[in-house]
Amino acid sequence: MSPELVFQQALNGLSFGALLFILASGLSLVFGMMDVVNLAHGAFYMLGAYVALSVVQSTGSFWLAMLAAPLALGVLGFVLEPLLLRRLRGRHLDQVLLTIGVSLVIVDVIGQVWGREVRSLAAPAGLDGSVALIGGVYPVYRLFVMAFGVALAAAMAVVYRRTRIGMLIRAGVQDAEMLGALGVNTNRLFASTFATGAALAGLAGVIAAPVFGVQPGMDTDPGLLYSLVVVVVGGLGTLSGAVAGSVLVGPADTFGKVLFQDVALAVIFAIVALVLLLKPTGLLGRIRIAR
Amino acid sequence: MRWALVGVAAVVLVTFPYWSAPWVSRFATTLVRDALILAIFALSLDLLVGRAGMPSLGHAAFFGAGAYAAGITGQRLGTDQLPVTLGAAALVGALLALVIGVLVVRSEGIFFLMLTLALAQIVFAIAFQWTALTGGSNGLSGVGRPVLAGIDFSAPDLMYVLVAIAFVLAALVIWGLARSPYGRALSGVRENERRMRALGYDTARLRLSAFVIAGTIAGVAGALSAYSTRFVSAQDAGLANSVRAFVTVLVGGAGTLGGPIVGSALVSLIERVVPSLLPTDLRISEAILGLVFIGFVLFARQGMVGLGRSAYQRVQHR
Amino acid sequence: MIEVRELRRAFGGVVALDGVTLTLAEGERRAVIGPNGAGKTTLINTLAGETAPTGGTIRLAGRDITRLRSWQRARLGLAHVYQRTELFASLSARDNVGLAIAARRGPYRVFRAAPRAEYSEGEAVLESVGLAGREGVAARELSHGERRQLELAVALAQRPRVLLLDEPTAGMSPLETARITELIAGLDRALTILIVEHDMDVVFRLADRVTVLHEGRVIADGSAADVRGDVRVHDVYLGKAVTVA
């Protein structure tokens, strides 16, 4: 492989990693706070992309879509948590099963409303060109994805460490019941957390759309599967875990696909299995194992 | 006396296409056949989910592996003999379950769930991309007709009979296992693993044995599916198929013999019959299944069998 | 029968067992007492194999069992009754005991229901602990005292050589305590029993010898009368610092 190709693939890997971060951070947040592996996370991601599709079709604005999709998903998450999940408070396995049902519904409804063909979403004007870099040209949009991911991570880090909300989140990841005992409205906290997780998934859906397209099956691949991979490898429940996971999995997957082609997917999941076996909480994870 | 009834029911079930011919179409035979295959698959999963307390979201790996094994051995060895291809499916299911089982058996709950999901995805990925062996994304077509003792079971009615007999046998096996000391030990592991170990049970090995048995039966179900449709797709080993089986078990009632059976009846009804009742451009059977599933998880966790039991108890107490 | 040497168990920075040495002869009834936090439950859990020691050895009938898992020790004749009730809640008393009996006969029996002999053995054990008539009741529906009786029944159904009892009378009324105490007192003399207890009356009724633990170390070991008179033991219970002899 030539150095130019390596450089290109490295950029691809990093932009994929940035995307994975936006996608997986929501899953990690929800798991950390609520001990629920939201298996509908991929469906939320998919819904975000399709909502963006409609918004762009009617208004022509990608930027509007970038606001609308997370907002829509956030509202959905805010409604779903008290409606469904809250009834099963304390029954974590059953909550996970519930999210499976939610996923089935959302994915099928998407197919019914938007159709089951492969669609696409163009990058917004201004970001749809290429830029001259070492080794040739590189799509500007992918650079944007990288920048956005970094910015989001930085913003989340600030919120996490410097604000009251962040403190609540950190405390909640440690022990949500304790928070309740201290007088925090855990109902609102959980609903907001779930909504945020959904919104992040939706945001990922919009941003990923120009790169990965909008089609049936995206809820599983890359949606749920890659979020699970990142979260398990990097660490469940922590922001740094989501970052670590994305930074590792993004380039690994990209290079893996280039070098090993056929076997790449198998290798990724083999890594997941390995991590789950050796260090179930992930490399940087910090959760207590719930039943 | 009870055995006589069971025997009669089995005969009625196995001969369904013949005595029902005047009233129902061929579609009904296909529908029941596929429901029975799902029932076998679900019964095997229930051994894990319902009895041993191991919530697996990767069970389709064995179903798919069995399907591929049946198809591939038939083609590569140039044989149609049922014992060979079905035997291969069972063997592959067992071996794969052993390999995966060794890795997953020490995890519990949500971690077990994620681990089985991840490992099944590896199997799916291999099936999807090893085109030379499995046909890759195009699938494996031209699965051979199953032949036993000179009878070609690929005729639709005979295929049904084959599946129905397999179902009866599988149900008997599962029933026998559940009642035996082995089945009780599995229930003990589900209820309180720590205590079981204190009593002298090697719980890891118990779980592994359950995993292998379940994988073997799932492999057989996969083979039957391959024979029925003459085709194997990578999706047979995919997440959607694992989810489908899980939904079936829960909706029917985990931990019971009747649960997976009525569950597969309901799921088949929703997937195959409901669409014909809706306008053709309204394709939301999966959404309906999802809603039904959510309903059961929230309000009837013990499934239809559980609902039946509560109703029965309420009637009895009058 | 049981030989424990220099047993150590540390949880991170906290040292729960700090070089415990004790020996039980076959058929001996030994009580282990000590103030809260002395390490009594850790000792039992380490003996039972639920926790691996960070140092030291354990021998059962001369055989080194330090590295064996809990189920392996159970197969060698070690039975453990937990401090907090650990039964199979949804199963009946009969089925609870049945699992213990089936463990001895081997769990991989398939295609055959359990033989009659196992059922009658189960009923006999239940009767011996005073649960005759309650066999079909689900464990979760028994009273607290009955559950502790069932715990004992399950352990006895294992036909153990050594019985580890972790506060068997915890949370019981005086009547229930007396009943359980008499039950234990009446057990086969060939059975070696190690019992962790807080209730001194129970200790003096049951124990041949008493071992006193404090901060993970044995500070006194002798007959019940000797320990009763030991000044250091008094000090330990009163919270004064004690130097280990």
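Some notes on this structure:
As written, the chains take the letters A, B and C, and residue 1 is the first residue of each chain.
The criterion applied here is as follows: a residue touches a chain if its C-beta (ideal position, glycine included) is under 8 Å from a C-beta of that chain, and two chains touch if they have at least 3 such contacts.
This structure is a prediction, so every number in the text was calculated from the model and none was measured.
Farthest chain from subunit B (centres taken as the mean of C-alpha atoms): C. Centrality annotation: B (chain centre taken as mean Cα position, compared with the mean over all protein Cα atoms). Computed centre separation for the pair subunit A/subunit B is 32 angstrom, with centres defined by C-alpha atoms. Centroid to centroid, with C-alpha atoms defining each point, subunit B and subunit C lie 44 Å apart. Per-chain CA centroids place subunit A at a distance of 50 Å from subunit C.
The set of subunit C residues that touch two or more partner chains is empty. Note for the complex: subunit B touches subunit C at residues 176-177, 179-185, 187-188, 191-192, 194-203, 206, 209. Of all residues in subunit B, only 55, 103, 107-111, 113-115, 117-119, 121-122, 125-126, 128-131, 239-240, 243, 246-247, 250, 282-287, 289-291, 293-294, 297-298, 301 touch subunit A in the complex they form. Against subunit B, the residues of subunit A that register as touching in their complex are 35, 37, 84, 87-88, 92-94, 96-98, 100-105, 107-109, 111-112, 220, 225, 228-229, 232, 262-263, 265-266, 269-270, 272-273, 276-277, 280, 289-291.
Every residue of subunit C that touches subunit B in the complex is listed here, in rising order: 48, 50, 69-72, 74-75, 79-80, 82, 86-91, 95, 98-100, 102-114, 154, 158.
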